[in-house]
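Two complexes are shown next, each including chain A; its partner changes from chain B in the first to chain C in the second.
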Partner chain A sequence: MKSNILFGRIALGVYFIIFFGYLIGPLVVMGFTAFNSAAFPSITPWQCFTYEWFSELFQDERILNGIKNSFIIGFGTVILSVSIGLAASLVLTQVWAKWRSTYYTIIIAPILIPGVVLGISTLVFWRQVSDMLGGVPLLNNGIFLTIIGQSTFIASYCMLVFVARLQRFDAGLTEAALDLGATHTQAFRKILLPFMRPAIASAAVLAFLASFENYNTTTFTFGSYPTLTIELSQMVRYGINPSISALAVIIVTITVFGALTLEVLRRRSKVKAGDIKPSKGLPSWLFGNVATILLVALSFGLIAMVTTAQSYSPQQCKANYKEARQLENQIKIDALQAARAAAIAAAAANGETTEESGTDEPATQGGATGAFGGVFAPTNLEGAAGQNSGEDNGAAAPASPFGGVFDPTNLEGAAGQNSGETAPAAPASPFGGVFDPTNLEGASGTGGN
Partner chain B sequence: MSSGVDVNLENIWIKFGDFVAVREANVNINGGDFFSFLGPSGCGKTTILRAVSGFLNPSEGRVLIGGKDMAGLGPNKRPTALIFQNLALFPLMKVWENITFSMEVSGASAGERRKRADELLDMIALPGQGDKLPSELSGGQKQRVAIARALCAQPDVLLLDEPLSALDLKLRQHMRTELREIQQRVGITFIYITHDQGEALTMSDSVAVMRAGIIDQIGDGHAVYDTPATPFVASFVGENNVFRGKISAINGDEATIATNRSGELLSKITPAAVGKLNVGDDAMMFVRPEVLKMQEGDAKTTISAKVLNEEFEGNSYSIYLEGEGGKQIKMAMPNLGNDPHKAKGDMVSFSYDASNAVVMPAGDLASE
Partner chain C sequence: MKKDKLFAEFFRNNGVVLGSILFFLVAFWIVFLILLPQISMLNYSLHPNPINLDAGEFADDYTLKNYKYLIFGPEGASDAFNKVDLMVFVRTIIAAMAVTVMNLFLCYPLAYFLGQSKGTGFVRLLVVMLIVPYWINEILRAFALRIIFGDVGVINGLMMQMGLIDQPYDFINADIALYAGLGYAYILLMLFPMYNVIESLDRNQIEAARDMGASWIRIHRRVVIPHAKPGIASGMTMVFMLSAGALAAPQVLGGTSSLWFTQLVYQWFNDTLNWQQGAAYAIVLLIASIAIVLTFMKIFKVNMGDIGK
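== the complex of A and B ==
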């Protein structure tokens, strides 16, 4: 029996680890990538601890603009959805008892309709309206359309939140207020609205988050006001860098901070009301609960981070890392050259002359084509050098016959992608894969035959 | 405080679709009276109250308060204040804010409201409790806050919808006295809804007994208890022994009824039925348990029965008897210290005074 219980506990523990790993793991990994100097979001070749992606983020005009648009649209959606949702829920619970279920189906339908359809229909409908009115610029404005489009279904979410709360409302309270001389407006404002306040707050948060993360409806309606999600999705097409992770870290931190603050306030009021006792052994200013401690720890962590970010510079580490990579590559190149020399020697010994063998002397064979697709042609190499010089490591391209192709810094630049550039992702660049040592190894293999 | 004003219900009908909730109600309530509507649940008494307070409009008839027709006036325009069955205190407001809500909506300053709240809190014996939330109060305290809140609106008529039903017995009895005291102090008209005949009888100047939308009888406690107008009133208010039969003779305001199982019995005709009974009519005679005496009287007021059971209740005994043909009779005797103990199965003869019994045309009894 005892071992059974133990086994059960272990199984439960493992399950929890897997479950929370599944839930939180991606966030944790993404969080770490924000502090790795590697140019592609990754943690496994850990290069250097850096804050550069945060400054990168705040220098990216498109992301900043996207965030701004997302906030504007988010607030607009909150106001519109909460008002519509509240009105709809009042109608649902207080009037029209006969048509309640029909009305409910209609108002809930937007949740079931795909966001894409809502997006297209919003766009088409308001264009029609605008045309009928002889072209009203507002009706074709991206912010207006996005707020309207998102609100069609977010208002339904809000309504569900309100209906749940309204079902617990005692209509007698409104009657009591009326009986005591209040007008209907006063009864609504002084009795129902305060009762709905928690639901309004949660509906507002829900609406804001739903608006902020919405993509499929927005993609049709954003016009000239791309939101953050639209910007991100457009960036992904050209390759991303860890500044997106940095953004994620900021959002997660704000969320956790908000949640902890809420919990602290909740517990504090509970302790005050005497519903729960403060935990023993904790200072009283913490109101004796774990959430406060976490909140304080998080605050200190943030302060520490911001402070060190002022003085910390990863340049030394980066330089060290670069050197290490250079060394590593040099060793690989040496090994490669040795292997190739051995192959040539072997070929010469067999008296074979192949076209491919020409690649061993790129300086003399100008327009060589073949297995290597001319990559070693001097003009190409010059191009590579030129591109290289545009990168922030600024390594001067030697004018040697090899055109710097084998310059370790070059390889480093291609393989490690430590450049600060954002637009063209290295793997897609014409030289990207070619300089990969493994490629060369493969090539030398063919050359050797 | 405003003085009480008359409330008149003229030929009120209230219908919900085909269902008639209130039928032809005519009630005149004198200013400053404590008036009760008494009836079982679902009899339409709350519906009448809602019509008076303005939450619904009667399908026919008029509600007059202080002689003014209230038609078309909403609850917030009527000089009434209602105390709800569940009290309906505003849970998010403090006690003092609850009490002075009527002042808040009419634009009084916080200072004035605070002052008035303190006065009223003193009156309901809850001084210094103004800053609590309603959820922090006990049942009786909430009750008193609800009363203070209604009184703060300075109504001409205070309407109370079974406000004591949620309280425990002890508190209920205490609050009865307190309500009556408050009513006498403020002097306004109270209209009280209850299904508890004890509450109605102890507090009211006048009681209207209702059955299924119909007002059977209006009168003071004595009238309703001693001379019920209908079999329903006789059986609903207090306990009663009922004897069914046919009228065999009428002599002025007395009638002889040939009961089904207990022979011929003599009784007073209830005032409401005088002149309406004829020889041979189906009739019901009611005799209260406490007017039965354990002694033989005239042949026409004496019944014989077997003792079934005896219950001792401290201040009184209840004796359960079985007459001819299994007729169940209850008898109540005060405990005067000389226990006239009867063994089970003893045959006894007991009698009553014909003026303490009432006979009336047969009708529906209150289902208990």
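== the complex of A and C ==
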């Protein structure tokens, strides 16, 4: 029996570790990557401790603009969804019994409708309304659409918060006020509203957070006002860097701070009300409460971090790391060069003189050849231009167009075969094409491999 | 006649000013935010895209061709069915179910533990620890998992340093990262409804069952789970609907070869700019997921009113 209990405890402990590891672990890892100087967010290999991603974050115009838009939209969403949620919960208490379940199904449905669908339907509907009215710019405005789209389901969350609170409301109070001659509006303002104030506060916080982190709905409605989440998603999809982690660290810290403060306040009010007694042996301001201790520790950590950030500089460490890396790379390059020299020697022994220009065949250059060749030689236009159109060759080397001009007939094959490459350009090859047209086809063919 | 009376009662209960405000707000929400947009989207999906009309077709015509496209693919295609999109659809639904079940098993023990323990400081702290990750941006949470599962990510880095593998394992393309991310994104929506109902379970019932000699499994099967059923149903519904409709996690964590159905919708809207087709896909997703949820609710005999409690 006893061993059974022990086994149960161990199993519970392991389960807790797995669960909270899954929940918190990724955030902790992400937090560490914000302080590593590696350009890709990682903790292995650890390079240098740095604050540079934070300063990079604060210099990012798009992030700052996104935060601004998020706050505007969050504010609008809070006002709209809290008032709708409150109204809906009040109506729910007095809607006719026969309709109550239908009504409840309708107002709870937005929570269950996928956010993508809400975003699309909001966008499509208000576009049609705007068209019907002859084009009202407000109705196609990203901020308006996002507030409307988000409020659709956030109002349901708020409604649930209010319903929970209303269940404890004594309707007799309102009746008494009405009997004593108050108007309905007065009774609402003086009795119901004060009673609902805590629920309104928590619904507002909930609504703001839900709006701030929403992605699925916003991604269809934001128009030209990208929120922070939208900007983040662009950053994450088109190139990851640790300044995103830095932002996450800030958000996590604020959230933890807020949650702990709330917890401490709640605890303190309970102690005051006499629900729980402060434990003995610890200073009374701690209340023997883990949350308070954590909050204090967190504050000290933050202060320490901010003060060290003023003086700390990772330059020396970074220089060291760079040196080490360079050394490592140099060894690699040497090895590569040796191997290549051996290969060239072997090829020369086989008597293939064109091999060298073939292996180093330039890619961007080859593409440029094709494009210009196509322009200058109209007969080749179709094939060459068509095959090259997918490329984004940056700068065309001056040598290459001549190849096209002087010898248009050979270009078709060359351009086509090179279009997929991206290796650096070597100046030798185009001349090869110009001066020795018969070799071009074969040479570029090898280059393509 | 009867309706007028009911309305009169509503205004008598609330006063004219307050009554009108309440009525206006709720009506605005239900009509303009919930019902009309969905109807409008349905209507949209039944029209052809005005940019590429077929011969003899007008933009105002009603047509089912957007839905046909999902099932049969473009006309004149070699396959009889639109295999690619249908596969994505089926995969999305099945994967969302799998994620839901995974979350259920992961959350049930914790919900039971939290629900049955008294509200000590430790438990309160656990709850705070649970809530904090949930308030972090969905994108950031997916990004955190990307750091962990990426090619040069933490897991690969650790395994390579320990010498377990010499090539990074591609978690992203194996969809492991995606499933972990989806489960992670909505795990609390599974936990809290269950926690709430289990908390309301009278502990004496469990004591009584134990005294009568019921085994540990039997207590759960006969006492706890029947009581927690509304919470379980509520959590499963939310997790399923939200993961089937998720967009952030698949975009950040999805492999190159595999798509989530919402990504197809997103592509129709933002890349192809064929809103009608995208609306049709969205409708299919909406109706399919609602139908699945209703079917399961029917099988397990749960009411709609239990959701959201």
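Everything that follows uses one rule, which is that the second predicted complex is superposed on the first by the 321 of 449 C-alpha atoms of A that agree within 3 Å, B and C clash if a C-alpha of one lies under 4 Å from a C-alpha of the other, contacts with A are read in each partner's own complex, and residues count from 1 in each chain.
Rule of thumb we're sticking to: contacts are C-beta pairs under 8 Å (C-beta built on N, C-alpha and C of every residue); 3 or more make two chains touch, one makes a residue touch a chain.
Note that the structure is predicted; figures quoted are calculated from it, not measured.
Enquirer: After the superposition on A, what does A:L302 contact: first (chain B), second (chain C), both or neither?
Expert: Neither partner.
Enquirer: Of the two partners chain B and chain C, which one touches more residues belonging to chain A?
Expert: It is C that touches the greater number of chain A residues.
Enquirer: Considering only the touch criterion stated at the top, classify A:V117 as touching first (chain B), second (chain C), both, or neither.
Expert: After superposition on chain A, A:V117 lies in contact with chain C alone.
Enquirer: Figure out whether A:A324 sits in contact with chain B (first) or chain C (second), or with both, or with neither.
Expert: A:A324 sits against neither chain B nor chain C.
Enquirer: Which partner does A:A201 reach: the first (chain B), the second (chain C), both, or neither?
Expert: neither
Enquirer: Considering only the touch criterion stated at the top, classify A:K190 as touching first (chain B), second (chain C), both, or neither.
Expert: After superposing on A, A:K190 lies in contact with chain B but is clear of chain C.
Enquirer: With the two complexes superposed on chain A, say which partner A:L12 touches: chain B (first), chain C (second), both, or neither.
Expert: Only chain C; A:L12 stays clear of chain B.
Enquirer: I'd like to know which partner A:L180 touches here: chain B for first, chain C for second, both or neither.
Expert: first
Enquirer: Thinking of the overlay built on chain A, is A:A259 touched by chain B (first), by chain C (second), by both, or by neither?
Expert: second
Enquirer: In the superposed arrangement, what residues of chain A touch both chain B and chain C?
Expert: Residues 183, which sit in both footprints.
Enquirer: Quick one: in the complex, what on chain B touches chain A?
Expert: 53-55, 74-76, 80-82, 84, 86, 88, 90-92, 101-102, 104-106, 149-150, 153
Enquirer: Please name which positions on chain A make contact with chain B in the complex.
Expert: Contacts found on chain A: 170, 172-173, 175-183, 186, 190-191, 194-195.
Enquirer: For chain A, which residues count as touching chain C in their complex?
Expert: Residues in contact with chain C: 12, 15-16, 19-20, 22-27, 29-30, 33, 40-45, 83-84, 87-88, 90-91, 94, 96, 101, 104-118, 120-122, 124-126, 128, 148, 151-152, 155-156, 160, 183-185, 188, 209, 212-216, 219-220, 228-229, 232-233, 236-237, 240, 244-245, 247-248, 251-252, 255-256, 259-260, 263, 267, 288-291, 294.
Enquirer: Using the touch rule from the top, collect the residues of chain C that touch chain A in their complex.
Expert: Interface residues on chain C, with respect to chain A: 6, 10, 13-19, 21-23, 25-26, 28-30, 33-38, 40-41, 44, 106, 109-110, 113, 121-122, 124-125, 128-133, 135-148, 150, 152-154, 157-158, 161, 180, 184, 187, 237-238, 241-242, 244-248, 251-252, 262, 265-266, 269, 275, 278-279, 282-283, 285-286, 289-290, 293, 304-305, 307-308.
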